[in-house]
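All chains are identified by letter, namely A, B and C, in their written order; residue positions are counted from 1 within each chain.
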Amino acid sequence: MLFLQAIQWILDPEHWAAVNFQAGIAEELGAHLWLSFLALVFTAAVALPVGLYIGHTGRGRGFAIVVANVVRAVPTLGLLSVLLLVSLALPPAVFVFVLLGVPPLLAGAYAGLEAVDRQTIDASRAMGMTEWQILRRVELPLAAPLILGGLRGATLQIIASVTLVSNFGINSLGDFILGGLAANDYVQMTAGAILVTVLALLVDGLLAVVQRFAAPRGVSRGRGTTTARGRRLSVPTGTPVSEGN
Amino acid sequence: MSITRRGLLGTAAVAAALTLGLAGCANSSSIGGGSSSSAAASGGATASGDAKSIVVGSANFGENEILGYIYGGALANKGYSVSYKPAIGARAAYLPALQNGEINLVPEYAGSLLSYLDKTANAKSGDAVKSGIDAKIGTLNAKALDFAEAADSDSLNVTSSFAKEKGLTSIADLSKAGTVTIAANPEFATRPDGIKGLQSVYGLKDVKFKAINDGGGPTTLKALLNDQVQVADIYSTTPSIKQNKLVTLTDPKNLFASQQVVPIVSTSKATSDLESIVDGVSAKLTTEDLLDLNTKASGSDKPDYQALAKAWLSEKGF
Amino acid sequence: MDWVWSHLDLIWSSTLAHVALCVPAIVLGFVVSVPLGYWASRSTAARGVLLTLGNVLYTIPGIALVVLVPVVLGLPILNPLNVTIALLIYAVAIMVRSAADAFASVDADVRGSARAQGFSGPQLFWRVELPLAGPVLLAGIRVVSVSTISLATVAALVGIPSLGGFFTDGFQRSFATEVVTGLVAVLVLAAVFDVVIGLIGRALMPWNRGRRLTSRAAKTLATAVPGGVGANL
């Protein structure tokens, strides 16, 4: 069976060293993770400040939603093609994946902050906390589970998509898929797909554990975001392009 | 709320109708050269149709698509009903499509076709390749027609500065260049005339491989010019070789088989009439033509493949 | 730009082919996901299994899925159905989560009072739960629509006509105009679909006009949808 053969293929130690005279699983895995990591770092650098600003001040949300959703519609293959026509190097590749990661993380960041009960914030303010202190000591801890949820979305998206760079001669686990396709080797191809999926799920699981411990004590977990019903919240980040309906 | 319910059902019905309608009208469109030819007004002609309706397929690179339009155009001029499935993908995709009758004719390259059909094939000369193909092509429910003189072979290229620095003229010279990385399509790793051939035929031990899936196209070229790789497998009729003053390493031990253009056609469609039309085209197709067509295709005005094919046909009197 | 004007017919036919790949996947994805999502909202175990499965499916690289679908199902290689099935799988992977959240957002008190008024099971579903879940379902299907249209471009890699053909062909010829044309066409198509779906939603849910999404479900949607762009080739 294809699936079992693919598992065997992965377990073969030789394939970890080299596959068809090319980088083996170990090297491709490293390249895939490194590229994903870079993309994630840049994603966080862009999405967190903007998301926290929007969530804290409530300003610019509509604009961010529109931008995030337009970005969502951009096909990665096309964008990579354009950027790599301009220059064959890592920076443009990373940039594309940052675009993939920003919408979920941005949404997580501002939805997380908006979900913090207004009364809690007002109470903090009444206690004499500065805005910065409110953000750091009240909003961030309470929003942590949702922010990490956004980070998980971004990570899944990035790890699964980095596969694409193989089409342009940059190392990633996608090499096994494309190589298998070219050589009519469905086992290798399936193995490549399994590796990507397992990697994404492992990293996601790791972040899920972090997320679990990130919720401050006293905040019920699953609902991380105890809100009064019917709050002003309007976060249809799932709503592409135009929000009006 | 019952209004809503009716509304939902109504929408579902409209959506379903829309789906069916659209699925019906999007049969054989294509990228890179327009859709089906004039005679194919009937749309998705399939293999089961009459012998005069032909579906021409092609691999996913410009030259092969142009060749598809050339053969298809010649047939259309003689009253065949021709439709196209261009840019199907790699050999592993379009040959099975030929085998199960989704396409009926596809321009192939002799050496690569043979090594696809017979993994252990070792034939290098035109005649040996031809008989090797003929022996095996029945498995594809297809038949190989006459070889064209035109050939588009693999060729290993280095930058002129690298060639000068290491004193390289032939593939054998790579042994004195230290460790080099070769860029080629992914299948170069498994093909008998790929990395394995470099090791066994030329005794090259210090070669690394980098798969770049664009058939010696822009990414491969950039990787070579950036010294990310030192050797690039680029099809010999690619204009970028000349444009960038690359040095093509000679192949004294004939590692790369003859890669003459050979149209292959479903046995069910291979009437003597069709064969004579197709063979007539192949007889006039030269390597210079390929280079010329490729140069035009990548030129600044980016003409359509179908237009290029049409121009070639009228120039050659078809 | 000259290239664009002289290729309008090609752009149009590719767009139609693209739409034909996407519409069945979006519509069927919705139809399949609603009952699954409803089930997931009723049972914690089902929710766990379905959402995990959705995550797993979603991370399968697109090109592998598109190539393996015909191998597994024994379909002809050049059949556009292969791409549509792959797109459907992704659509369900995203939409089940939204649907589960949508039904979970229906207030238990509301359900209880409907019950008390004598609503039967099906009546409860069609006349109370589905309408109340509507806004979140709508948000979910919009994400699915955008990501499907974006993702369908991978069809080009397996020789099936779509707007993605402009990417592969343009890249091969080092012709940025063509690639950008494809990009713009995809974005415009996504916007058109979004507007159409928005209008359908407006027509079906007149009570929702001008109101904004509220409640936990909206937030869950914001972060739990594994992202929209989809093009996880």
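Convention: a contact is a pair of C-beta atoms (placed from the backbone, for glycine too) under 8 Å apart; a residue touches a chain by one contact, two chains touch by 3 or more.
In this text the structure is predicted, and so the values were computed from the model without any measurement.
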{"item": "Chain of greatest Cα-centre distance to chain A", "value": "B"}
{"item": "Result of counting contacting C-beta pairs for A-C and A-B, higher pair", "value": "A-C"}
{"item": "Where chain A and chain B are represented by their mean Cα positions, the distance between them in whole Å", "value": "38"}
{"item": "Length of the line joining the C-alpha centres of chain A and chain C, rounded to whole Å", "value": "19"}
{"item": "Residue numbers of chain B (touch at least two other chains)", "value": "89, 214, 218"}
{"item": "For chain C, residues contacting two or more additional chains", "value": "156-157, 166, 168, 171, 174"}
{"item": "Sites on chain A at which at least two other chains make contact", "value": "84-85, 167, 178, 181"}
{"item": "In the complex, chain B residues that touch chain A", "value": "89-90, 92, 183, 185-187, 189-190, 195, 207-214, 218-220, 222-223, 226, 228"}
{"item": "Contact footprint of chain C on chain A as seen in their complex", "value": "2, 69-79, 81-82, 84-86, 99-101, 103-104, 107-108, 111-112, 114-115, 146, 149-150, 153-154, 156-157, 159-161, 163-164, 167, 174, 177-178, 181, 186, 189-190, 192-193, 196-197, 200-201, 204, 223, 225, 227, 229-231, 233-242, 244-245"}
{"item": "Chain B-facing residues of chain A, complex", "value": "19-22, 84-85, 88, 166-169, 175, 178-179, 181-185"}
{"item": "Footprint of chain C on chain B - complex, ascending", "value": "1-2, 4-5, 7-8, 11-12, 15-16, 18-19, 22-23, 25-26, 28-32, 34-35, 60-62, 85-89, 93-94, 96-97, 100, 102-103, 214-215, 217-218, 297-298, 302, 304"}
{"item": "Chain A-facing residues of chain C, complex", "value": "55-56, 58-61, 63-65, 67-68, 71-72, 98, 138-140, 142-143, 145-147, 149-151, 153-154, 156-157, 164, 166-168, 170-171, 174, 176, 179-180, 182-183, 186-187, 190-191, 194-195, 198, 201-202, 208-209, 212-216, 218-219, 221-229, 231-233"}
